[in-house]
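Quick one: the structure is below, and I'll ask about it shortly.
Labels for the chains are A, B, C and D, by order of writing; each one numbers its residues from 1.
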């Protein structure tokens, strides 16, 4: 860590600074510069970070030389993480195609969709049971009943299943019934929930918060990893944008950025990103071409009967065509996993 | 509600649309226009909204003529809501000055700060016990112990207290010890938590989510109001901006916007909005001049010892000066509550 | 156009509204609704739009049923526009690969780069002569001399050339020397400049403004088209984002969105979008897979000597590899031009 | 400047780095750290900044210790700048109230408004002659005729006048007829235009670009100052936000931020910021309370006849009330100019 001081810092202020740094068990090497005194700090920097050096009189600027997310970075692990979700692998060259409805609505409806996405090419089934909805007056999911339907349909079709958890009190029910826990964009910074899914050891699909930077997102992953759960897959699903035409702004630069910073797999969800079925296939292809480890796609056999997010749902035939495109793109991409 | 159809909609598609609308118990009046057929819909629109008309072939556009947040709007209640927090009233001309540290760090430290903010002019004490932190390696608060300290110090100084709740499992502990529950920006869309604080009937300080529109925010309030809890105070605390100079962008237009749309009180938190102590006083004055029902200010006797958000903490003497400014501004503002 | 009135509008206000609408040569058809009176307006809507109906007492909402950009929409033209830039065609299935340095720095340097990008697979050469720079103390380009070098090097290598115009007073110099005029992101709303390039009839590469919506961007194109110049190619180059890691946020949803709304070709510039050479190839591939009509890539033989934007410049060998990837992707994409 | 190197940088790369730095006439002092080698650079840093050190192999990070905007910073000038516009002074305790219509529409109309704003309390008259409009089909101003009307009405009422310049070719016409040149938000980065108004020496009102950081904005001011023109007033007018309810997001933290970084006066334009007349007065009061050096307000005697931006125009009586509020607030504020 570098601490840059005002060249005219008073002796009293200077010794308060030195004391705080040394008190945290760190060493100081000093270098003068025309623009300010420069302190190079080594030692227990995690402990030092608890001290707000920035408010000490005489401190101008603090420059961190290390990344705040340790466990998710390549410094911690040199090989890409591969997450096993039932029989499906994600990362390290294994590409996930997650398909299914926004919400589990009925047993027969889900079974129809699950069969279609499996036939189309999906290797993981999605379906929401606990649905966070902007309005309290919208359909909020079937809850536990939805989880049970999802489990059964997953078993019938042979697809592992992923569903969102929104409340730490649901952890037992979710773990018992789904293969992968999804943390939605609204809960990326629900740290109590992250700690719970971390403790569970279960595979986690961690969506990016709508206003989260890449660093915020990796720090959210760090909450899960720090509980000893290495099974984290990141999911870019669009950040807050300003164009009323689109629901969110899909930030595909996050794919190479995460690849450069972290060993964790990263996939994309173009359905929530755009909110429009017509844009989903082009952006799913784009995510694949950018090097993602998978895509998550909303599919519904009858969008006109869907109880949530109908406007972004693909129909099964469109999904099958997309899966075919993805297969061709993956051939072109070859083995590239760390572009 | 208006539904605009393609002028060339096929008869089959047209009857599917009509059937769906009538099936939801609504009536249709039709008007032709050069640009499309226009359906004016009346009846049980809440039920109709569950049907995704937007994906029906032949539908071009849907225009809602009513607001999605019913209970928080002036249509529901003609008088401004006044929320009682212990002996302090907020709204309807009553101005709250909430002061205190980011986090409760120790009994003696909090007592020192509480006495200072009371003397300065605060009528409500803040202090975090459960702290959501971006990094899992940062200080996360004293938890229950922090709540107990906060309660005691509040009683000693005669100040009602407000503290953040982050987990529905903490609801009992929070209700027993604090006068007002704060929902932080990261949890504005944690709907399970909103339902819990709604059920409690306790006063709630609902911060705006970092990427929430005004409508998203009022819908979050609606989750609480819909549980029968009318004691909601909104708090603008800055939205996600793009300038690295500032932590967030304080959106003071939210003050008159909320005033125009809702009977709920609205205050501002310039400490979190800017992240810099030097900007807090000018923006607190600005919030007051814009018509807010209060301000929330972080104060610390020794910022250089603070364990979180030290850079945005005012010192007690600065806080006292600010309170004096606010008193003068409130005199100028006079009785204006619905500008 | 629909105008929704307050159901309790006074007769005087009502007749002022009717008069204004009829005075603009429009007709009114009236439909009652529980939520308000509804006026369906037909006639000379362009003329009516000059009247600020929104401020008339009694008007609640105005809903436009037509798009504000006429000439760039599919309603105006059913076939995709193909723009000829020298011997290179863009749009309608023709894919442009524009390569070259940020700025023209010297004759020999540009020639070296031009030969490399031609060999790599580029069919258009870029190079800035008039450089808009955030700081007045940065290198601002060689001006006219740069244009002359660019023209000569283009002729030597057989590549048509594109360069940015920043001032209407440079129009003659630019037209005489380059095959395509670029309007940069900072000048997307420099309407006097748009009118000049419109009058010229010359091919124009219109970059999206950093905070422009898709509609703002198409309206900027409309300024050029309205002067009788149909040769407009749109270029997505990243919008303002909030993550300090990236220079901008590449909004690839703009590719299918423009494709759905307009017949104009649309390409992507991942170099300016990210500001980092390592992210350029993945995002260029993504743009191609999303259906773009081309990409624009900054290439420099010696980035460490570049006088601007060095951190985003690819080296010639990397560019060649990318061109090879693009060729494979285009084969997969097949003839898809209107996905 | 600090340059942080990879601890394992190769000797060849290391000497290339040293050579580049020394070749720019700078000196290097080296300090080792566990996290990397640290080079402290002094000397001609402006020259060094032309070299893209960031792309040299072995360079990890570059930290600048000085601000890029020299002339606008307090380091350049210790006293606040006061700009004289005719008889009106702005800055250093002098508060500007700029009122008038969006556009000059007619001589009689402008005279009526000018008399009203003067009587209300304005000390500067605004009125657009060259109007940048998002759509080419909107009213674009009267041009030169508008300038002549504005000049005459200013003389008749004794108010200095300000009007927007959008094209460097209009510089003579603008200088001859108006007292202050406005650079609008769309042209903040039109550097050719900034250079022209810089050369003119005329007072300039420089609006913030919609996606400009504070630093971008001060660098735009630097373009004008670097031409020897010190008469620059900054104007915060709202940045791009994501809420469709508001036209822009007024960023009032810019007031104390500019105050802390620069000696230039800074005012606010709540009319363009919000686009809604009902929000203008609260936010004008807020800007004043935050310490601004003035406000710019759109006023129209008959908004329902206005040819542009009618929805944000105050009526003369509302403007008079606002001016009265501002007078009271300025009394409370006292002499505070550098809060």
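Here is the rule we go by: a contact is a pair of C-beta atoms (placed from the backbone, for glycine too) under 8 Å apart; a residue touches a chain by one contact, two chains touch by 3 or more.
Keep in mind that this is a model prediction, so the values were computed, not measured.
Trainee: Count the C-beta pairs in contact for C-D and for A-D, then report the pair with the higher count.
Mentor: C-D
Trainee: Using only Cα atoms to place each chain's centre, name the chain farthest from subunit C.
Mentor: B
Trainee: I'd like to verify one number: the distance from the centre of subunit B to the centre of subunit D, where each centre is the average of its C-alpha atoms, in whole angstrom.
Mentor: 31
Trainee: Which whole number of Å gives the spacing of the CA centres of subunit C and subunit D?
Mentor: 26
Trainee: In angstrom, rounded to a whole number, how far apart do the mean CA points of subunit A and subunit D lie?
Mentor: About 39 Å separates the centre of subunit A from that of subunit D.
Trainee: Subunit C: which residues touch two or more other chains?
Mentor: Answer for subunit C, listing residues that touch two or more other chains: 211, 239-242, 244.
Trainee: How is the touch graph of the chains shaped: line, ring, star, complete or other?
Mentor: complete
Trainee: Spell out the residues on subunit B that touch subunit D in their complex, using ranges where they run on.
Mentor: Its residues touching subunit D are 211, 213-215, 239, 241-246, 249-253, 255-257, 260, 273-274, 278-279, 281-283, 285-291, 325, 328-329, 332, 339.
Trainee: Which positions of subunit B touch subunit C when the two form their complex?
Mentor: 1-2, 4, 29, 31-36, 38, 40, 42, 60-61, 63, 65-66, 240-242, 244
Trainee: Within the complex, which stretch of subunit C touches subunit D?
Mentor: Residues in contact with subunit D: 16, 20, 46, 49-52, 54-56, 68-69, 132-140, 166-169, 186-187, 189-192, 210-211, 216, 219, 222-223, 226, 239-240, 277, 303-307, 310-311, 313.
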